[in-house]
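As written, the chain order gives the labels A, B, C, D and E, with residue 1 at the start of each chain.
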């Protein structure tokens, strides 16, 4: 067995073998199997931003089969999506490609005053569809924070009882946080820490900038190295229980391949466990998208 | 994806993707991955016959780690065992080696008057331990037949709802069946058919002899070719929904390697989906046991 | 058995033996075992204030193992933390170091308009993780007071039914309370009394100042001795059912060791049952932190 | 922490921290704390054989306080008893002396035709009373075997979910087993193995004789060393998952101190994890009973 | 408060205040209030033996009001009866006369082969009717023993959770017990012990004879004083947790007043907590019945 994987799993001692097994499955699938690193393809942008904004750049993306096929063929560790997209492909890919069922989602047509996604799938759905984990988005900073923390607490408990780990998208957002603050180093590190404290098995955050948002955090951050993304990633990883929880970083908005790969190199250098990149993959042509995913894996493989 | 596997899974259309995914996992693991064939290591003999009768020939077998390790290293599709043996290794092997949790078991110290195993594990245990299927033994012919059929009906339903397929050990036994009759062709074929009708996803029966047990079956079997084991296996496979359900054959009591391998060749020739062999593997020395399993896989691989 | 402990427990007659047993365990662990006094290490600041603000002064604190190890080695009665921090160490320390699972938590990125922590763990979690008590924060004075009182009422009931006592953090806060008022003698005494009335087994409040916040309380407090912290602690203890409920005091923001130890001497002199000090312990170097905890215990031991 | 204890607990990886914590508590209490060995005082004979047959030799034993006090003062790891005896002392000893609540019991006034104890306490009782484990008796060989296996399966699952391990008394008995057979080596080893397969965390069996009961077991036992009790204990320990489950041996009927201590030396030499001795302790005078328990601990301490 | 009552209640520490409160109510009502002794009027004979066999000697007994009135006016501690009799009077007497709702009953028209009463009332009924306790009959020795023990275990748990103590009628009966054996000293003492182990708060047994039923008990009883009823009662009380559970004795079949009162004197002398006498009271004329009850109280008052 892979030492890298078993060392990571040792940090989850106390979890039942079902949860451990699914984490091991995620870490033992695809090109990065056994390295302790993950590249995951997430496709919830259709739900979050609308279909054309998401799929017009590469219209094959309208088809749910495209993404599962892309994830499998490019060698991703897993594919994450909302209920409908998973349902459309599960019978064909279950048992080959690990799914992360995104159980809450938001759309950009409107909603509650405070940031809060809707529950759109269940733990039962995850089992029925042969998924290896559930995913959930929290918005620390939201006026509806309490509702979200309480919901995910119950979901994590239910998912664990049936052997499913939980991936937490932790995206600070709310009245008290500036736009720049959403990716500020103090805020991203805080978001990662909250996700770990809530019991997340895998934490997903955005790559942090060197901005410090909170006044009270200015002083403590004076001596935290933060000039390079690698240094900032290192601090986020440290904030995630000193690296004892898996932390992956989102790719964010579509960007140039070189820029993106450099970002990944920094994430890898800083000790991040991997990348979860959607638009940068599926908004490119099939060949380019797959190549980018493979290039990303190459970076983490050699980290 | 493997054509052989997908052709088999097409016979299970209508099952949910969780069940399909776990069947695909069983068919996509180990040396026989993608061939549509299975070699499974079952170790419930300690429970059924007592520890020394099971493990004295190769005392490493007293240790639950030995069997999981043997199954993994020899390249088996799965490892089947009672609760305790799975619990002892699950944290280490879950996500790598598919487990089949044997949820009922019997011992030879005594019990009810009619053949009937005790429920010794649950569907919840299977999820908690990261298993890919549950296994259950029915004794068609037992005076407690109805209790067993009704129990397995409920278990299959529960297991399905959480994405787990069911493997049915179908072993005719009871006051109305002679000792020879337990492996008679008509009885084994009947046992396979009953298991399929009960909703089993995978059926396990014993290799049939050319004996015909039931008087009423004598005439219909006059024209069924049954001279060779391959022919008889073919009939059993036919009886399992014309080959639309996976049928595997037990190895039975420990025997010479040549004899066993010839038996497997016949099973493969007759269209059997594989073999589930315990004592023949774990009662040999580690090297011989692993070699036998690998030889068995070689036979099915080339079938 | 310790007279001091049994005298305290006599005030909890009517509770079931499970609750009594866990209280006895808290009072029978560590350096202060048998004295009826408690020094508890709480580490929820990562969640409440963010990781760097909490752990940058002593970066070992990013690691959940550090705190459990510090609590055990310094001889604390118990270690209190949110779900994630407990989950990360429970398998290693359960059965040796009593845990208090903090089941609600707040962060400083934003939240509801009125002070109200989110439920972030459950009584089931406490049992699964081998905890000896649950902890909960109420904010008397909050516009969401009723929700909090009703939630804790149900939690205390559930926790008791499985043998777990409840520690209540009672921190007055809200539109009608001035900043100074939050630690005013009348307000802190009131907060302790409310916690007792809600059924708390152990009450945690802040050391009170000699400020009197409520106009209606000015007159009754004229004759309450309040010049020294010891006198004020004595009044708080009196307000906690005449000393029949265990009252411990928080250490508050990090401060000089001498200042802190003098505060503890006053608390001990006033009859407080102990101290729950986090930042003052874990924001120092390991050696200094452990020394401070041990010095604190020395004070209570000789009280 | 104790290496001996942590090595044992490593065999229970996959269990939740609550279960691990209670096992650690049992192994970290009393004179044998940290040695990996256990001496437990069980007092269910009043229920099983009647009060005078149990307590007339030392009438102090009629009083439930006597036994808890004896267990605590002699330095036992735990005290095991039926509901009533635990209820009578739990408020006084919970949190100091680990209790094992015996949740089924039989009496000798009559009952069902086949050996089967009655459920006399619940997992909820165990939590309410502050117990560290539940205990249950199975009678392999009984015609009511299935009912017992199914009941304990459910109880173990429930107990685990609230952090409680299970101790299984495994006493073969039934129409197919001769009186001598009940303590035959093959039968006792089998009983230990069944208990492990059912998911027991701690197995209690009787010291085996060199008799072999089952015809089919004669041959496999030819080469199993069995001349001394130590050799036979070694085989039972091997049958308990190669020593990966804790196995303790009952003291049986009251006997001479020298005879008993020699038996314990053999158990210790054979690798047994300890002894659970009732009548030999409480049917002696207080001083002699305590001395015998201490002598027993001395033997295991030096093993 | 009464020392005698509080000394008894101290043996029930660990019970919740609701249960304690109802026990205190039973011990603080009527002529014997505060003495620690009880005389209870039970009227279930109509159900158990038929109305005429029960009430023809004093036809006022057909009327449920008669018994409640008798119990109240004679100064009994409580009145015990089946559902219907309690329902008929509860509105009038609840709050004045403590009721013990007998929740199972048998009739003499026929029933199961083995002794086993039917559940005829519920814990909910007891609350609805303002009762202070529930009562239940077990038949140790019955082939349906397990069903009865398991039922009462659940009932005691439910009753406790709503603050109700349980009175257990423990009447050995079954194929293995001779007619004389049902009141043999060893059997009655055993029955009392079993009831205590099952968690009964108050135990009701029959006055024992000096007969010893069980062969294995002959020797242990050689040195137990048993010549007088007082001595035998003393042994039964000892068998009931050394007097730490309340034991009351039934009056049995109607008999002469002198004979009965002498029996009560012996019970009082032996340390029995009182008497529960039905037929001897209600089958006499109102004046005689009340006198007998008062005479009985006088005996216990002066004990």
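Simple rule for what comes next: a residue touches a chain if its C-beta (ideal position, glycine included) is under 8 Å from a C-beta of that chain, and two chains touch if they have at least 3 such contacts.
All values derive from a computational prediction rather than experimental measurement.
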Shared interface partners, meaning chains that touch subunit A and subunit E: C, D
Any chain in contact with subunit B as well as subunit C: A, D
Distance-to-centre winner among chains (Cα means, whole assembly as reference): D
Centroid-based (C-alpha) most distant chain relative to subunit C: B
Same-site or different-site touching of subunit A by its copy subunit B, using the half cut: same
Chain separated most widely from subunit E, comparing mean CA positions: A
Comparison of C-D and D-E by number of C-beta pairs in contact, larger one: D-E
Superposing rotation of subunit A relative to subunit D, computed on C-alpha atoms, to nearest 5°: 180
Rounded Å distance, subunit B centre to subunit E centre (Cα mean): 58
Chain centre separation (subunit A, subunit C; CA means) in Å: 36
Sequence positions of subunit A contacting 2 or more other chains: 13-14, 16-17, 20
Chain contact topology (line, ring, star, complete or other): other
Pairwise chain contacts under the document criterion: A-B, A-C, A-D, B-D, C-D, C-E, D-E
Subunit C - residues contacting subunit D, complex: 1, 16-25, 28, 87, 90-92, 94-96, 124, 127-130, 161-163
Complex interface listing, subunit E residues touching subunit D: 11, 13-14, 140-146, 148-150, 153-154, 157, 172, 174-177, 186-187, 189-194, 196-200, 214, 216-217, 220-221, 223-224, 235, 238-239, 241-242, 244-245
In the complex, subunit C residues that touch subunit E: 13-14, 16-17, 20
Residue numbers on subunit D that touch subunit E, as the complex places them: 46-47, 49-53, 56-57, 59, 62-64, 82-85, 87-88, 90-92, 105, 107-113, 116-122, 124-125, 129
